[in-house]
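Got a structure for you, written out below as structure tokens; questions coming shortly.
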Amino acid sequence: MIDIIETFLAEKGIYMMTFVLMGLGILGMISCGNYMKKIMCMNIMQVSIIFFFLALGQKEQGTLPVFVENLLGADAYINPLPHALMLTAIVVSLGTTGVALALLMKIKGIYGTIEEEEITGEGWRK
Amino acid sequence: MTIISIRPFLAVAVSLLAALLILTLGNKVKPNVREGITLSAAVIKAALVFSMVPAVLSGSEYYFCLWEIVDGIEFAFRTDAAGMIFACVASGLWIVTSIYSIGYMRGHHEKNQTGYFAAFAVCLSSAIGISFAANLVTFFIFYEMLTVATYPLVAHYRDDKAKASGRKYLAYTLISGQLFFAAIVAVYAIYGTCDFKAGGFIEPGSVSMGIMLLLFFLMIGGGAVKAGVMPLHGWLPSAMVAPTPVSALLHAVAVVKAGAFCVLRVVCYVFGPSAVSWCGADRILAWFAVTTILLSSFIAMRKDNLKARLAFSTIGQLSYIVLGISVLAPYSIAGAMFHIVAHAFLKITLFMCAGAIFVTTHLSEISTMGGLAKRMPVTCACFGLASLGIAGLPLLAGFVSKFNIIRGALLMGKPLFAAVLVAAALLAISYLIPVVRIFFGKADEAGDCECTASGHAADVCGGHGDATPAMLIPIVITAAVSLILGIMPDAGLHLYDLAVMAADAITGGGAIV
Amino acid sequence: MEKKKIIGAAVIILAAVAAVIWAPDILPAVGDAESPVNSYLSTYYIENSLEDTGAHNMVTAVLADYRGFDTLFETCVMFLAGITALMVLSSTAKVDKSQREIQEPYKASFSGTVLDTAFRVVVPIIVIYAFYVFAHGETSLGGGFQAGALLAIAYMIDRIIPNFNNSLGNMTEEAAAMTAGVGVFIYILTGLLPMFNGGNFLQYEKLPFGAEHAAELHSTGIIMIEIGVVVCVMATIINILEVVLERTEFDD
Amino acid sequence: MISYMINHIPVLIVIVPLCGAVLCPAISHFSPSAGKRTVIGALLAAFCMSIIQLASVIKAGEAFHYWLGGWQPPYGIEFVIDGVNGIIIVLVSFIGFMTALFSSPFEEADKEAPFRSAGYYSILCFLVIGLLGLSSTGDAFNLYVFMEIVALSGYGLIAIGEKKGPIAAFRYLLTGTIGASAYLLGVGLLYSATGTLNMADLAIRLREVDNMPVIVMAMACLIVGFGIKMALFPLHGWQPAAHSYAHPAADPMIAGVMIKIPAYAMFRFFFCIFDSSLPMMKTIFTIIGIMAVLGILFGSLKALRYDKFNKILAYSSIGQVGYIALGFSIGNFYGIAGAVLHILSHAFMKTGLFYTSAAFKYRYGIHYTDQLGQVYRKMPVTCGALVVLSLSMTGLPPFAGFFSKWYLALGAIQNGQYLYVAVLIISSLLSAIYFFRIFERLFMGEKTVTEPESDAHEGTAPGLEVPLRMLIPIGFAALMVIALGLGNSFIVNGILKTTVMGVL
């Protein structure tokens, strides 16, 4: 029994964790009232996707995808593609976060607060 | 024989061009130039249309295809006999109405004349487009153009009343137009063609009866709204707030006739008599028409406003056309088509008279018009003549058409419809002749006190002469034409021959059993 | 509110667990060398990238060469983020510099001798390390993004730690944005050069330089775009830093 | 040389504006207005090239592949230009160029702060670049990068708009990031099943995958991702505020084009990549159809409630995007042709309407439709364009909106989906209500605005209602709506038929 759970966790557990992270991120983005917290939750969500891709690229007994002398063969290295993709994704999420923080400063400047309820309370819909 | 010629398209385009010119030059040029554009476009258009009559009479058709407007359907014009009739009427009357409009608008110092003349030109363009359209899609394009172009005319005065009637007009026409659209799409999806064909392209039994009825009524709804068939007539009386030339256009030339023409196209050129009678739609349509004829006549009797009375008369008269078509006999179809002509000339005379009276004396209620004939003899005489024509007295245009419809109904073994038509003629007499009587009666006979109270007594009774020539000449022309057409239906453009030709083509020469 | 959040989180965790348990075969097992992910493109890259591109680091090979076009736009994202932050905050007034003098009671905590000395030692090391990382991008771990970030950190330390108005260098936010743009342009130029030599966009082996092996040209190309990336990333981070710094009041 | 250039056109269309965008800040440092001119010139060049590209694609009769970096796909990234995206690229670059031209009176180069205009132009140009790349690319991950370029520049342009702009932009940022992440997750799932990212390769390798749940999950993620980006009904939350408070000059691009191109990308995924003969595709299409129907009704009904011009237009966009999704869910040739035609025609209509809205703002500061009374006397061309564009939105012939509706209805009836036809009709009527209400206020309302101070807008030449640089785009939008309406069969027959039939 424990073996089964162990293999399961070893093989699929990481996916479970990425899904949990993603769900929590989205939940936080929806339920948090503070814009700063929303940004943090957004980052959690983005990180979960990155984990997901990296988990896909793992290989048993594979090493870093940097050539080492005398070590040849596709099995020896882990998949470089997800890493390359995720570098891009990280940079993109960095850019998004930067813009989000700038927006937040602007919002703070206009409204004096970054609590959603105080900003979008009365008079917003008009 | 089919003649490839750009003339049908030019006839459509010329007034569209005029509208563009008027809109762009608009306020920058003098009114004379603007109206010169209108008039010259009208004359060119009429010349183009009339020049095609002889060839059509000899059995050929002009055809012009621009390009594919949607996948599989061409943006094409074809001048068959039925379309020719409507085009002749519309383009001929545009000249008359233009002259009249100039007189009316100037006499009344109307605002926004640029928009008015432009919209008018677009309306006429769409009317010709409707008559020459070779297929349903082309037809629908011009039909909706007409709807939109008429809206600014209906709401011309821009006050709350005009806005309300504009909204009402749009509600009726847009809804029916969209349903018409759905039906066109469905017909194209089922039959793979949209080209008008005399006798229809829909085979009886090709779809189940329920679906065919549904398609038929979705399509006919588009026409029936514009033709004012009850219970879809609501917009027509409220559109009365518009200036009188607009009413004349609405009720005589373009809009309602386009509706009647739409009914004709749908019944005779899309479904065809056999499919229509197979699914029983003709009877339903006929009964709607009969109800409309009778009810509208009764309502008309109770209206004191001259234009309102004429409006309800229009509703009734148009249902003659619908009834004539739905009887499905060759005679009645020919009669219905000729009624498009006859009613156009008669009703435009009546409306122009009403407008002339309004501009000259500022009277709009019948009860205040006692003794008007003394001041405006010519106008009142023409009004009387046209009233008799509407009632269907022999030697006037209305008689020819009604006689044919009745003959068709009798031949088809539907004496009830014939009886209704006769009764309706009597009703028409009973609501129009009293007006004439008031005109020619004494001033104090009806509502002299109101006349004084309303402050127009001096105008009416003082006698400052008849309407201005710009209004009077068109009235006399149309009255004369309706007289001539009554005596010699084939005079001039051979419109009666065209109607008979078209009816023959639709029914294949014999009566449908 | 808090209770709702906890319930929501619990639901999500349970749903994720349930989904993975209920449909275990949806995704390949972690570390499975036979899965489509690890056998198709992966094998090609591992086996051919050294020969194709001359880069020892396969991730760099994929990032800068096979998918160099992605990376161009990744750099653009950086540039765009900087310029957007600048535009968003440009209408907010900057804090007056004369008021930036740190008041007496706080002075000790902001500019102590230890901090001042430490930064003088650390900054050169960081800069050297940045060049090392940049140069090593191809052969082992490293690359333009990291190097750019390190350079920006050096600038940042220089900008923040000593007294505000006497840091070594001071780029304005606009100058930083322009520099970032020039960095991207270097990248684009590297891509455009092969087109004058009959190649496609970013086809490094058609770079108009004399070289014996295609792999050398690939290395040159990768180095060139890395320079662009370094410039862009550094300038963008400086850009965002300046934008924020100029508008932040330190009294709260 | 010329034929050599033609080979590189797919990438040059993206790269030439990119050069303009990245150099614009630096150039404007030396000469304030030169940066602006660089961007406008680069976009004009992109437009010209896109026309050449479309012509050569039509002439060749087959898709055009461009291998970036010379790497053969699936190892490298490729651009694939076929008839459908060829014409969409023409659309994007044309509207991009027009919008850049249109913006120039709003962003006059200021000697004091040269960067403001340069930054605006740079971001706007990036928006166009992102959209161009989004429609050209043949690689699923590259599409994500372009999607983020579009999104980031969108955030910027929304945030520098009206006072509520930053909030609208922030909300869009949160939602948009969820959308992008959902898309990325979807691509990840497809990648996990096939091991490739190239779209054509994905299509081939997905045929061999018998792991249905992963495909379904990927589809769900993609629907959410594209749905958020194109503001499809239950995922539209960010859109109304974003479209109403964005920078007035960039709003036409944001509202007109930015939400359409993800719709095209969705088309590519669901028709070119997934095997449309799979049994569950029918369910997926039904779900998209339900979203579309609800969106059409919701958008049209909601638009009735507002007086703010941009709000009306924004909600009507939700409905119009529903039309496009409806076309995809119909799924036969006419449905897709209608959807693609609607992408084109609605892009011109919405862009044009936002142009007119911005022109009203520019001249009189009008935001609400009840302030429009009698404005047409002073701004005849703008109001004429407004009439044409609104009638087209209502779906009245002979304008473009009618014909896309025609194809959609035809496709729906051929498939027996009569409900869709009913929805199309209802939506047309509802939009007739709010557009004719605008007409009523414009032509029959009381005059409320007063002429602004004469020195407020120096750019306006005497005798013109707004500067020529604004008038030209307005006029072109109206003309294109007419031209696209009358000439739709050239697009449907000449371009879409071969491509779409090949897909189906």
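Letters A, B, C and D mark the chains in the order given here, with residues in each chain numbered from 1 onward.
Basically, a contact is a pair of C-beta atoms (placed from the backbone, for glycine too) under 8 Å apart; a residue touches a chain by one contact, two chains touch by 3 or more.
The shown structure was predicted, so the numbers you read here are calculated from the model rather than taken from an experiment.
Contact tally for C-D versus A-D: the pair with more C-beta pairs in contact is C-D. Taking the mean of each chain's C-alpha atoms, the chain closest to the overall C-alpha centroid is D. The geometric centre of chain C is 31 Å away from that of chain D, both derived from CA atoms. Chain B and chain C have Cα centroids separated by 74 Å. With centres defined as mean CA coordinates, chain B is found 70 Å away from chain A.
Taking the mean of the C-alpha atoms as each chain's centre, chain A and chain D sit 29 Å apart.
Shared contact sites, meaning residues of chain D that touch two or more other chains, fall at 141, 145, 148, 152, 155-156, 159, 166, 169, 191-192, 197. Touching of two or more other chains is recorded for residues 27-28, 35, 37-39, 41-42, 45, 66-67, 70, 74, 77, 80-81, 84, 88 of chain C. Chain pairs recorded as touching, per the definition above, are A-C, A-D, B-D, C-D.
Residues 8, 11, 15, 18-19, 21-26, 29, 66-71, 74-77, 113, 115-116, 119-120, 122-123, 126, 129, 133, 141-142, 145-146, 148-149, 152-153, 155-156, 159-160, 166, 169, 189, 191-197, 205, 211, 213-214, 217 of chain D touch chain C in their complex. By the touch criterion given at the top, residues 141, 144-145, 148, 151-152, 155-156, 159, 163-164, 166-167, 169-170, 173-174, 177-178, 181, 184-185, 188, 191-192, 197 of chain D touch chain A in their complex. Partner chain D is touched in their complex by these residues of chain C: 23, 25-28, 35-42, 44-45, 65-70, 73-74, 76-77, 79-81, 83-84, 86-88, 90-91, 174, 177-178, 180-182, 184-185, 188, 191-192, 194-195, 199-206. Chain D meets chain B in the complex at residues 334, 337, 384, 391, 396-398, 402-403, 405-407, 409-410, 413-414, 421-422, 425, 428-429, 432, 436, 440, 443-444, 486-490, 492-493, 497.
Residues 22, 26, 29, 35, 38, 42, 45-46, 49, 52-53, 56, 81, 85, 88-89, 92-93, 95-96, 99-100, 103-104, 106-107, 110, 119-120, 124 of chain A are the ones touching chain D in the complex.
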